[in-house]
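Please go over the structures that come below.
Here come two complexes built around chain A, the first alongside chain B, the second alongside chain C.
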Partner chain A sequence: MEHILFYVISGLAIISALSVILNKNPVYSALSLVGFLFVQAILFVLLKAYFIAIVQVLVYTGAIMVLFVYVVMVMKLNEELLPRIRLRPFSLFLAGLFASYLFYIFSKTPTFSHPVLKTGDISEIGELLFSKYVLPFEVISLLLLVAMVGAVVLNRKSKHE
Partner chain B sequence: MNEYFILASILFALGVTGVLMRRNLLVILMSVEIMLASSNLALIAASSHVGNLHGHIFVLFNIAVAAAEAAVGLALIVIIYKNKKTENVDQFTSLHG
Partner chain C sequence: MTLTILLVTLLKVLVLSFVVINVVPLMTWVERRGSAFIQGRIGPNRVGPLGLFQPIADGIKFIMKEDTYYPHVDKILFIIAPALALIPAILAFAAIPFGPQFTLWGYTTALQIADINIGVIYVLAIASLSIYGILLGGWASNNKYSFLGSVRSSAQMISYEVALGLSIVGLLMIYETTSLKDMVLAQSVPLWGVLPKWGIFTQPVAFLLFWICIFAETNRLPFDLPEGETELVAGYHTEYSGMKFALFFMSEYMAMFTGSALAATLFLGGWAFPPGIQEWILNFGLSRNLFAFICFINFMIKVAFFLWCFVWVRWTFPRFRYDQLMKLGWKFMIPVALLNILATGFVIYGA
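Coming up: the complex of A and B.
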């Protein structure tokens, strides 16, 4: 049952990722990306990472995609003026090379027989986050603050205009 | 070789294809998001196979970094669009002389 579900979900993920990169209109690409991230949250649930799945839906599909859609709305998109997508053979070749190298690396990693982890318990994550990883946690909050200030400063109107 | 790793590498390669193939700045940034998300998938799969939660913590940090990257990148795209009136990468030839 879980295997069938995994194959269905991974097919959906590949289709939605293809639709992100093959759609001519960025609006459709953004909506396909929402679908992709949602499908990925389902994959996280299959891996018993419930907290990460919720964070994925809240942060990615909730916050980041709203930003994307907002920026798409800012741009003036004319359906007729959008350029046709050219399948560049060299880029496809490079991506294929990359994928085969990734396959090679993953085929050399040792396989584990079955998952040892029972569940991604939120209390254990919190314990790890605030004991062993407390310094990276603080650094990441600083990074988010800097990114927020940077985005505001970049889009401020300068006084000289 | 685990099937989750195969799926993650296929999705990562699709993201690389998008970055190399597309000429729209927004779609390029979306492809970068695909790559980040697929690396998250590989991390979670590895974490659940090793049997500890360190991969989950790493994914949390990864999501935060992706949020910061999207915020700054989209701000830059808005400025570029205001100045150039286009989002096609091939049109950015100011340094060409």
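Coming up: the complex of A and C.
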């Protein structure tokens, strides 16, 4: 049962991911990305990482992608305005580099048989975040703070205007 | 045995969805009679006793109406947008506890579709998805008024979602759980001997913030700028007619019900009676199923109170200006929510 679900969901994920890059209308592309992130959340549920799944829905599909779709809609991008996509050797090289890096990460990650979380409970995640992974956690919060300050500074009106 | 579990779960889904969906026509009636009551009018009173069958007449009207499409709309998104608005509103109920455990065909289960241990976050996450319906509806209509309405709506909902999420953190700190069922159980003990340990007594500031945010999230007056009639014709659903318009309408009322149910569960002790009264009721020697039903009624009364507040506020306050709305959200609600978390932390640390 779980295996059938996994294949159906992964199939959906691949279809929606492909439709992100193949769709000509940018709004449909952004919406496919929303669909992809939602399907990915279901994959997290299959891995029994319920908290991660819900946070994925809350943060990505519920907040970040809304802004994405919003910006794409406001920009009024027409198909004629978008550049034709051609495959250049350089872009192929970059894509290959990225793919091999992803493959490297994939070969390093623990498989289904030994997940890091035992129950997927929220308290377990909290404990891990504040003990074993406290340094990466703090570094990421610093990074987010820098991004936030940057956004505020960029949008501040200068006094000369 | 598995068949019984499946059957009981299916029955729970059917019965609770039936209850939830039927709140919508009832609420439209309450809204119209309530507004008439507040404004000193009579309101709809011709169809059925007290005009109670008015929603049915409205429903028939919506279905019989011509379904119009305009040549300038994006047809696919125009059709799926109303459904996208309604589906998350219905899905959010899966985690809300309507009552305690009952026994059916030898199988004991709670009056709640799914007891997820992160129920609070689940409801917030699913409810935040309903924004897509509004956003896409406005964009697909390809009309400046509709689009402006959906742009306003998305900015408003994202701003107030932050304060909504932050206002709940204090509750999570006090009751030390994210499961809605455990939240109800944690609130059914006494506080200082007299009061029940309800969220509204332990976190009054959080309640105020939460309640204001729910108004913004459901696009209700005084925050109904996405459909401000005086500026935007009808906002994001200007181009919609018939049943497709009705779906948007239903999703607004469903969102109101979700907000009220969540408020009742988090701040008014959910289905549980205040301590003392529960023992008093159990003294009558009621069967377990009857007690579960009484608790369900208790929960619905609390929800009905909040739903009435929605109507009451709508016909009492004027609409905000958009910059005032944003200022209130970012410069007042979020700082106060953060301070509330800090204060709660100090109190818990001191106790």
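Going forward, the second predicted complex is superposed on the first by the 114 of 161 C-alpha atoms of A that agree within 3 Å, B and C clash if a C-alpha of one lies under 4 Å from a C-alpha of the other, contacts with A are read in each partner's own complex, and residues count from 1 in each chain.
Quick note on the criterion: contacts are C-beta pairs under 8 Å (C-beta built on N, C-alpha and C of every residue); 3 or more make two chains touch, one makes a residue touch a chain.
Small disclaimer: the values here were computed from a predicted structure and weren't measured.
Once the two structures are superposed, chain B and chain C can be ranked by residues of chain A touched, with B on top.
Touch criterion not met for A:V8: it reaches neither chain B nor chain C.
In the superposition on chain A, A:V149 makes contact with neither chain B nor chain C.
In the superposition on chain A, A:F51 makes contact with both chain B and chain C. Of the two partner chains placed around the shared chain by superposition, chain C is the only one that A:V69 touches, whereas chain B remains out of contact. Overlap of the chain B and chain C interfaces on chain A comprises residues 51, 55, 63, 67, 74, 121. Listed in rising order, the residues of chain C touching chain A in the complex are 74, 77, 116-118, 121-122, 124-126, 128-129, 131-132, 135-136, 139, 147, 151, 154-155, 157-158, 161, 178.
Of all the residues in chain A, the ones that touch chain C in their complex are 27, 31, 34, 50-51, 54-55, 57-58, 61-63, 66-67, 69-70, 73-74, 121-122. Taken together, the chain A residues at the contact with chain B in this complex read 6, 10, 13-14, 17-18, 20-21, 26, 29-30, 33, 36-37, 40, 43-44, 47-49, 51-52, 55-56, 59-60, 63-64, 67-68, 71-72, 74-75, 83, 85-88, 91-92, 94-96, 98-99, 102-103, 106-107, 109, 111-112, 115-117, 120-121, 124-125, 128-129, 133, 136, 140, 143-144, 146-148, 150-151, 154-155. Contact residues on chain B toward chain A in their complex (touch as defined above): 1-7, 9-18, 20-24, 26-27, 29-31, 33-34, 37, 40-41, 44-45, 47-54, 56-57, 59-61, 63-72, 74-79, 81, 87-88.
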